[in-house]
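These are the structures in question, set out in turn.
In the two complexes below, chain A is the common chain; its partner is chain B in one and chain C in the other.
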Partner chain A sequence: MNQWMTLFKKEMLEMSRNFKWIWVPLTFIMIAVKEPLTLYYMPQIIDSLGGLPEGAVIELPVPSAGEALAASLSQFNTFGVLIIVLITMGTIAGERKSGVAGLILVKPVSYAWFVTAKWASSMILIWISYFLSYFLSWYYVGVLFEFISFMDFLQSFFVNGIWLTLIVTVVILFNTFMKSPGAVGFISIGIIVILSILSSSLPHLLEWSPALLSAYANAFIMGSNLPDELLPSIIVSVIMITLSLLASIAIFKRRELA
Partner chain B sequence: MPVVNIINIKKQFQDQEVIKGMDFQLSERKCIALLGANGAGKTTTLKMLAGLVKPDSGSIVFEGAEKADFRRLIGYLPQFPVFYEWMTGNEFLEYAGQLAGLPKSEAKDRAKELLELTGIAEAKNRRIGKYSGGMKQRLGIAQAIIHRPKLVMLDEPVSALDPFGRREVLELMDKLKKESAILFSTHILNDAEEICDEILFLHNGELVESGTLTGLRTKHQQAKIDLAFKENTLQYAEELSLLQPVSSMKLDGEYASFFVEDIEYARELFLTEIMQRNLPLVKFEISRTRLEDVFMKVVQK
Partner chain C sequence: MEFLESINWAILAPIVIIQLILVAVAIIDLVKIEKANGPKWVWALIVLFINLLGPIIYFIFGRRS
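On to the complex of A and B.
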């Protein structure tokens, strides 16, 4: 466990040296908070851009608080996912590509510790950024529209967070058998996109799909009925996360590093 | 006592056979040089010993590795070491030491000691990204020996160093020999000659020759006599070469080189002949086989 802490501390130090602790939370906050703000100020924005032609009357439906927060949530599943893939795609592949992994792993380093320390540090960075940004978004929705129950917010936060966790884990998994961060990123995005499209176009076949978690997370803040598939899909996700992590370790052990 | 036993290892990359079956043993507190030309397979051999490349067949058995991770027993310096550029030299050494199993305080002490020993103490708080090539090489050596491994493997440890650095590192290796076995690769024969006990000649993925320095010298001893005359060197040389013990003769510009079996006998014979005929001798030199000659000889086989 001593060694795990050493590896973990190195990851945390690295993330602060290359300013990930600053730009990742900031970017998350920007993409999340932008949604309720633009929705609220849309009439003024249109006005300042020259306004509508004389006589034109467009009824802009005033969005509900739930819709405004849901808009933030959907940002996490587009830009948010992209950022997550970008910051994790090189975490192991990059070290192997540069050759530093060869120097580290000839030391008696546990492969399981190595992979899980990487995973844990990415998780912490992403969950904290995600919480801060989603919480701020929830707060702005409350101020500008109306406050959504904090419990509902928290539940949607955790349900969607499981999907984000699965993404981090899958990116780490690809890290263990590809040497190029670019390829890891490309394939991860590809898989996520395919899974999301399949799940939303064939929801009756793939109703337990983890990719639907974000849709299910919406249900909490929209006040709609919780789907029965919520629990199975959480369970499927947790199983997939665990299996991916175990597979990462097993694959990483067998890889030639040089 | 052997530290590691290498039994018939082979390695193929795509369809190129890079290591074609190799056997050797490394013993405690011995320094062994792995010699070979570019592309001979030195780096591949060291990587296999370090566990970074898996041999296709054959086995590598470390003494004491049944009980513990063999990586505890080895230290490795790659040919082109790469570090975390954002760390300082000191941070990296402490990190490497802790990963190798040293308690934090000991890792600190060892890092300090090795920074001094490798001569980069004054750069210890600078980012490694700003180190020069030679400084990285020294840091690489320091990280390889921080946990006092039984076997230290260094891939061309002095190639990137200036003459002073080379001297320092060779002296460091000489000291290191008292605690660990050292296996290092080089194509600089002088370095091998200077600090090694044993030499492995690698050529096209095969061990073409190996043994102790003196053993190899004796085995490949091929005494050479260089002769030059004031004039007609070619003619006189050809006449002399008719004398029995000459195994071959080579004309090299101004002088002729004779390779002979028995140097004492040949000297006697040549000198008597030259004196008797009163030939206009200007140069008579006996030179012994150097490692370089052995290298050339085994490689040409």
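On to the complex of A and C.
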């Protein structure tokens, strides 16, 4: 366990040297908070852009608080996912390329600890950024529209967080058997996009799909009925996370010994 | 410019501050770093003039580790 802590601390140190602890939370906050603000100021924005004939009246329905928060949630699933993939795609592949992984693994370091320390440090960075930004967005929605109950907020936070966790784990999995960070990022994004498109176009066939978790998270904040498929899809996601983590440890071991 | 007056600046201030912090950190890092991934002055232009995304692009692609 002592060795694991050392590896973990090394990851943390590296992240603060890369300024990841500064820019990842700030970027997440920016993309999340932007949404309720633009929704709130939409009438003024349209006015100031002009180009409308004199006397034209546009009646914009005032978005509900739930819609505004759901808009930030959808930002996490586009820009947020992109940033997550971009910052984690090099964690192992990049170190292998530059030789750092070789330097560490010459010593009797457990492969499982090496992979899990990487996974845990990325997870902590992403969950803290995600919580800060989603919380601020919730607060903004509360100030600009109306407050959504904190329990609903927390539930949607955790449900969507499981999907983000799965993404981190999949990226780490590809990290273990690909050499170039670019290829890791490309393939992970491809798989995430395919999974999301499939699940959103065939929701009746894939109702337990982890990609639908974000849609189910919306149900919490919109106050609509909770779908029955929520629990199965959470279970499927947790199983997929554990399996990919185990698989990445196994693959990493064999790749390094070969 | 009634559009500018109709905006509550207290609400927007945090976003402006976050943007300024990101630009400042990126520029400080760019000055201190030994070698960037490409010419430094191009990165400086990107960080300073691409709104919102500039510093992020620099942190992801500009630093060679």
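Keep in mind that, in the parts below, the second predicted complex is superposed on the first by the 253 of 258 C-alpha atoms of A that agree within 3 Å, B and C clash if a C-alpha of one lies under 4 Å from a C-alpha of the other, contacts with A are read in each partner's own complex, and residues count from 1 in each chain.
Just so it is clear, a contact is a pair of C-beta atoms (placed from the backbone, for glycine too) under 8 Å apart; a residue touches a chain by one contact, two chains touch by 3 or more.
Since the structure is predicted, the reported quantities are computational estimates derived from the model, not experimental observations.
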Side-by-side fit of chain B and chain C on chain A, or clash: fit
Which superposed partner A:10 touches (first chain B, second chain C, both, neither): first
First, second, both or neither for A:107, with chain B first and chain C second: first
Contacts of A:94 with chain B and chain C, given as first, second, both or neither: second
Contacts of A:226 with chain B and chain C, given as first, second, both or neither: neither
Partner chain(s) touched by A:193 [first = chain B, second = chain C, both, neither]: neither
Partner chain(s) touched by A:18 [first = chain B, second = chain C, both, neither]: both
Which superposed partner A:48 touches (first chain B, second chain C, both, neither): second
Touched partner set for A:27, first chain B, second chain C, both or neither: second
After the two structures are overlaid on chain A, angle v-u-w for chain B, chain A, chain C in degrees (C-alpha centres, nearest 10): 80
Minimum Cα separation, chain C to chain B, after superposition on A (Å): 6
Doubly contacted residues of chain A, that is, touched by chain B and again by chain C: 18, 98
Parts of chain C lying in touch with chain A, wherever the complex brings them together: 3, 6-7, 11-12, 14-15, 18-19, 21-22, 25-26, 29, 52, 55-56, 59-60, 63, 65
Chain B residues touching chain A - in the complex, by the definition given at the top: 47, 50-54, 68-69, 71-72, 74-76, 78, 80-84, 86, 95-96, 98-101, 140, 143, 147
Contacting residues of chain A [partner chain B, same complex]: 2-3, 6-7, 10, 14, 17-18, 98-100, 102-109, 256-258
List of chain A residues in touch with chain C within their complex: 18-20, 22-23, 26-27, 29-30, 33-34, 37, 41, 44, 47-48, 83, 86-87, 90, 94, 98, 136, 140, 143-144
